[in-house]
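Right after this note come the structures.
Each of the next two complexes has subunit A plus one other chain: subunit B in the first, subunit C in the second.
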Partner chain A sequence: MADKKAVVANVPKKKATSREKKDWIAGYIFIAPVTIGLIIFYIWPFIQNIWFSFNDVNTFNVATWCGIDNYKRLTGDTEVFNAFKNTLKYVIITTPVGLFFSILLAALMNAKIKGKSIYRTLYFLPSVTMSAAVAMVWKWMYNDQMGIINSLLRALGGEGHNWMTDPKTALYCIMVIGIWGGVGYNMIILLAGIQGISTSYYEAASIDGAGPFAQFFKITIPMLTPTIFFVLITGLIGAFQVFDTVYMMIGAANPAFEKTQTVVMMFYRAAFSYGEKGYAAAISLFIFAVIMIVTVIQLIGQKKWVNYD
Partner chain B sequence: MKKNLKKLVALGLVAIMGAMMLAGCGNKGGDDGKTKDGKTKIVFGYWDKNQKVAMEKMVEAYEASQDKVTVELQLTPYGEYWKKLETSATGGNAPDVFWLNVLHMDSYLEGGILVDITDAVKASDINDAFSEVLVNNYVRDGKNYAVPKDFDTNALWYNKELFDQAGVAYPTDDMSYDDFVALCAELKEKLPEGIYPFACPVDFQTWYYQTVYANGGWILNEDATETGYTDPKTMEGIQCWIDLIYAGYSPSAAALTETSADAMFEGKQIAMNFAGSYMVPQYVQNDVITDIIDCVEIPTFNGVETNCINGLGFAVYSKSKNIEAATDFAIWMGSAEAQKIQGETGVVISARNDAQEYFAATQEKFNLAAYTNHADKAYPLPVCSDVAPIYDLEAKTLQKAYNGEAPLKDVCEELKAEADALLNK
Partner chain C sequence: MSGKKLQHLFVHLILLSGVIFVVFPFAWMVLTSFKTPGEAMLIPPTILPENFITDAYSEILTALPFAQIYMNTFVSAIIITVIQVALCSMAAYGFARIDFPFKNGIFVLLLSVLMVPGQIFLIPQYLIIMNLGLLDSMMGLVLPNLFSAFGTFLLRQFFMSLPKELEEAAILDGCNRYQIFYRIMLPLVKPGIVSLVIFTAKFAWNNFLWPLLVNTSPDKMILGPALSSLQGQYTTQYPMQMAGAVMAVIPLIVLFFIFQKQFIEGVAQSGIKG
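Take a look at the complex of A and B:
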C-alpha cells in the first residue's frame, strides 16, 4: 500500500485537457436529471423528515420545536413495540422462505422444459399487479364464509377457519401473500444470475462425473451468491416496510389487529389519519435506523459467504 | 459536427425533463384568480364522483345568477382528497371553496385554514332555513365556518322476501327496541338455518352511538378532556347490540369484519340491516335486492327517537385570493335554489329544511322518509381535533367485548383510560 502511494505521488499531476473537461461536463449533464430528482424527491424530504421528528407537526405542517419528545414517546409506546415485533416476525419468516422458493423456481425455469415462457410470465404476474387489487382478491379467498380456501376445505370434509380474524393465523396468511407476491420478481433476477454462469464450469464438472445435484450445490449456488445477496438485501428491506396488504386487509375492529399491525402501518396512521406528522417522522427514522443496522451487518457478513470471483 | 448535434439533442432532452419536473411541482403559480374576460375565477373542490352532476348543475345555476364570478370544479377522489387539501393548503393554493366534513372540522380550524363566515351567514337566511344541529356542526365559539351541504342519517332496512318466506310481519316505523328484539326472536325461529335476522358490527355511527345517546349516555364531554365510556348509560347503549350477537340474532363481530353487514344484506344472508342514507344509491343499483327491500325508521330506545346525523359543509379557504367571492358562492350553495337542485338528483339529502323532501321523492318505491322524519332530533357525532385516533381506539378496544374476550365493563374501563390519556397528552 505504501509503495503504491509513493508511486502515485511521483507521477506529476497532469492538467485535464479541454477534451477531458468537455467529457466530464457531458457526463454531469447526463446524470443531472436523476440526481436532481433524487435530491428533490428523496434527499431533501429525508432531511426535512429528520427536522420534523424534533417538532410537533400538525396536519398543515406547522411545526413547533419539541426537542426529543417524539423519541421519548416512541420508547414508551407499547404499540410501536408490538408493531415492531409483528414486523420482525414477518421479516424473519418471509425473507428466507421467499428466497428458498425463488432459487428453486429460478433453477427450474432454467431447465429445459416446455412452455417455459408461460411459467415465467405466470410467476412474474403478481409483481406487475396492483397491490391493492392483490389484497382484495386474497381477502376474498381467505373469507370465512365464501372464500375459496374454506369452500375447498369444506368440500374435502374439513372445517373452515376464520383465517383473517384469528389473531393466531392472520399474520401468517399475510406472509403467504408477501411470499407469493415477491417470488416472481426475485426469480427473474436469480434466473439472470444463473444464466450468467459460464457453461464451461458445468462441462468440466460433468466430465469429472458430477451429477445435477452436485453441480447445483457446488457450482450454481456458489456462483450465484452475489445475486442471492442482492435479493436478500432488497427482500429484507422490502419486508421491513410491509404495509399495503396489511392496511387493506385488517381494519381497526378486526380481532387480529394488534397481532398484525406493522411499523409502517403505525407510521401511516400517525401521519395521515391522526395528523401527528412529527411523531410519524420519529417512527420512520426508527424504521430507517433498524433497516440500516441490519443492512450494515449484512454487508459485513457477506464477506464470509459471497463469492465475487 | 455530428458529435455536437448529439450533445445538442441530449441537452434538449435534459431541458425537457427538467421543465417537466418543475411543471409537476409548481401548479397554479402566478394565477391571480381572474379569467381573461375580467371575471373573478374561484376553484371549488369536492370528492364524490356520484355528485358530479349535482355539483355541476349547482355551479351552472350560480354562474347564471350573477355575472362577476366563474367557478372551476375540482374533483379529487376521497382517498386522496384530505391529503391533497392539506398539502395544497400548506402551499397556499387550496381550492377557494371546498367540501368539509365534521370529522376534519376541528383540525382544519386549528390549522388556520377556515374563514369565519359568521357575518355572511347572518346576512343570509341560513339560520332560519336549516336545523340548528346542522348549522352548529360548523360553529365553534359562536362563529360559523361552513354552510351545511347535506346530511346523512340511518334507517332500518329489511328484506321482504325473507320476511315472506318466514311468514313474519314487516317491521314498522313505530317500533321500539323491545319490539325489535321480539321481531329478531321470531325471525330466528322461522328463518332457515344460516340466515340471521340482523347484524351488529362494531360500528359507532350507524349502531351504538344512536342508542348511547338515546339512553342519555355520552362519549365526549364539552371541552373534549374526558370520555364517557364507563358511564353505565353509555355502556347500556353498547351492550344492547352485543346482547343480540349472543342471542344468536347476528353473526359474530369477527365474521362481520370479514363480510360487512352491507355485503351480507345484499347477499340475502341477513333479513334486516341498519344503513346510512349514503347507502341508498348502492341498494338501488343492486338488481338482486332492489325490488325486494324497503326501509323503516330506526327503532326507538326507551321511548326516545334514535338516530345519528353527520354531514358535509361548504367551507372557504383562508388564503383564498377572492375570499369575498368565495364566501358569496358558499352562501349561495345553501340557498333554496341550490339545495333543490342537489336534492333532486337523489344522491344525498339536502341539508336545508325545505329541500329535504326531494331525497325521498326521488325513489318512491322506498319509504325514504324514514331518514328525514326525525332528522331534527338526531344526534351529531362527537368531534374534536383528536377524534380520528379515538374512533380507531374505540373500534379496536370494543371489539374485545363484542367477540367475548372480556366483559364490556372491563373493556370500557380500559378504553376510557387510554382515550382520556390521548385527549390530555
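Take a look at the complex of A and C:
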C-alpha cells in the first residue's frame, strides 16, 4: 500500500512505521481474547444456528439437510402461533403500562420531597433480585387456597380466584410480575433524563404562567422523549424474551399452559425437551426476525415523536 | 404554603402505595420462611409468624446440597465477573485507543452480537460444551459468559472520553502500550469498571436458562435452577421454598445496599450513554 520510493526516501517515516507495526501487534493482543471468544461462542454459533434451521437434527444431534421443511412446519404450527400471540399480548401490555408507571414515579421523585433516596432504594429492589426467586414468591401469593391475595379478597368480602390455573387470568398475573420487576429500573433511567433537562426551560415557562401540569406535558415529556425511546426499545426487546417467570410458574400440567407459553419457552421445549433442535433453531430465527422488524419500525417511527436537540 | 404541603402529602401518598406494592412480596417471602408448614397453610393466614421458627432454613440444607449450590453460585459469579471485566477492559482499550488494520470491521462484527437475542446462540453453545465434555462442570457453566460484546462496548465509551495527551506523554516517557493500559488508562476508567462489575455480577448470580441447561446434577447447579427443582420437589412446603428464595436474593440485596450509589449511577448512565 505505501509508496516504496517514498518510504526509502523518507527515513524517519520508516521508523514511524515500525513503531506503528508494534502498535498494531499490541492492538491485536488487546482485542484477541474477547474477539476469539465471541467468534467461537457467539458468531460461529449464530451461523451454525442458521444452518441447523435447514436441517433435521435428531436426538443424537446428527443433522440431515431438509431444506425449508422447518420453516414450512413453523407457518402451520398452531402451538407456535399461540406462543407468538401470548408473547405479543405480554409485550403490548407490559411495555406501555410499565412505561406509564415509570414516568409517573420518575416525575414524582423529581419533586422536592423528603426521603427520596429511601424510595429510590426500595423501588430498585426488584431489579437486583433473581427472577426465579421472585416467581416463587408470586406463585405463592397467587395460590388459590392459601395465597395472601385471595385471603385479602375474601377478607374484603370478595371471592378467591384460581389466578394461575385459569387460562383467562394466568398470563395477566405474569404481566404483573414483569411490570413489578421493571418499573424501578426504568424509573432510575427516566429520572436521570428528567434531571438532565435544563432548568431554564422551566423558569421561562413559569414566567409565562405555565402550571406544573402544563410544564410536565409541554416541557418534561417532549424533552424526555430520547430517554423514553431508549426505555421503550430495551423494554420491548426484553419483554419479547420473557422466560424465567413463565418457566417457574406454569408447569406443563397447568390448564393455563397453552395460554401462557411464550416463544422462548416454546423454543426451549422444542430444543431441549423434544430434542428437535433443527426446528427450534428455525423458531429462534423467527423470534429474531420479529424483534428486528419491531425494532426497525420503532427506529423509523421515532422520527415522528423523539426530539433530539 | 399549605397548598404546597398538601401537594407533597399527595406525592408521598402515591409513592408510599407504590412502595407497598413493590416491597410486599419481599416481606411476605421473609415472613413465610419463618413459619411452620402448617401455619403457612392456615386460612385465613397469620401475618406475623406465631413463633419465628428457622426449621425451613435447616431443612433446606439437607433437602438439596444447598451449601454446595451456594458455593457454585459464588464461584461462578466471581470467575465470570473477574475474567469478563478483565478481558473486556483490554479489548475496549484496544478498540478505543490503538489504530490497527481492520479495527472497525472487527468492532462492527463484535457489536452485531449485541443485536441478536440470546436464544439464537443457545443450541450451538450447548453442543460445543457437550462435545467438549463440559456438561455438569464449572467450566461449562462459565465459559460462554467470559466474553461480552456489551462490556467491551460499554468500556470503550469510557476509554474514548479520555484525553489523548495522557498517552502521548506516557509514550514520550518510554512506556509501552501494556504499561500505559495498566498503569495510566485503567485507573481512569474506574467508574466504568465498577458499573460493569456490578452488572456482570448481578447477571451471573441471577442467571437462569444457561445453567438450567448445562448443569443439571444437584451438586453442580447454581441457585436459580436449584430453586426450580426445590419448587418441583417440595410443592407444598411453602416455608422451605421461601427460605430458599430469601437465601438466593440476600447476597445481591446486601451488595446493593453497600454499593447503592454505584448500582443506581450505572443504570442511570445506561440511558444517557445509549
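Operating definition for what follows: the second predicted complex is superposed on the first by the 263 of 309 C-alpha atoms of A that agree within 3 Å, B and C clash if a C-alpha of one lies under 4 Å from a C-alpha of the other, contacts with A are read in each partner's own complex, and residues count from 1 in each chain.
Assume a residue touches a chain if its C-beta (ideal position, glycine included) is under 8 Å from a C-beta of that chain, and two chains touch if they have at least 3 such contacts.
Every value quoted in this text rests on a predicted model; they were computed, and no experiment measured them.
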Contacts of A:81 with subunit B and subunit C, given as first, second, both or neither: neither
Touched partner set for A:45, first subunit B, second subunit C, both or neither: second
Touched partner set for A:253, first subunit B, second subunit C, both or neither: first
First (subunit B), second (subunit C), both or neither touched by A:269: first
Which of subunit B and subunit C A:33 touches, first, second, both or neither: both
Subunit A residues touched by each partner, larger count belonging to subunit B or subunit C: C
Partner chain(s) touched by A:62 [first = subunit B, second = subunit C, both, neither]: first
Which superposed partner A:244 touches (first subunit B, second subunit C, both, neither): second
Shared contact residues on subunit A - subunit B and subunit C: 26, 29-30, 33, 37, 40, 61, 145-146, 272
Residue numbers on subunit B that touch subunit A, as the complex places them: 7, 10-11, 14, 17-18, 21, 25, 82-83, 86, 89-90, 107-108, 110-113, 201-203, 253-255, 257-259, 269, 385-386, 388-389, 391-393, 395-396, 398-400, 403, 405
Complex contacts: residues of subunit A adjacent to subunit B: 26, 29-30, 32-33, 36-37, 40, 58-62, 142-146, 162, 164-165, 251-255, 257-258, 269, 272-275
Residues of subunit C that touch subunit A when the two form their complex: 7-8, 11-12, 14-15, 18-19, 21-23, 25-26, 28-29, 32, 40-45, 87-88, 90-91, 93-95, 98-101, 103, 106, 109-110, 112-113, 115-128, 130, 143-144, 146-149, 152, 176-178, 181, 202, 205-206, 208-209, 212-213, 223-225, 227-228, 231, 238, 241-242, 244-246, 248-249, 252-253, 255-257, 260, 263-264, 267-272, 274
Residues of subunit A defined as touching subunit C within the complex: 20, 22-24, 26-31, 33-35, 37-38, 40-46, 48-49, 52, 61, 101, 104-105, 108-109, 111, 113, 115, 119-134, 136-141, 145-146, 148, 151, 154-155, 180, 183-185, 188-193, 196, 227, 230-231, 234, 237, 240-241, 243-244, 247-248, 264, 267-268, 271-272, 277, 280-281, 284-285, 287-288, 291-292
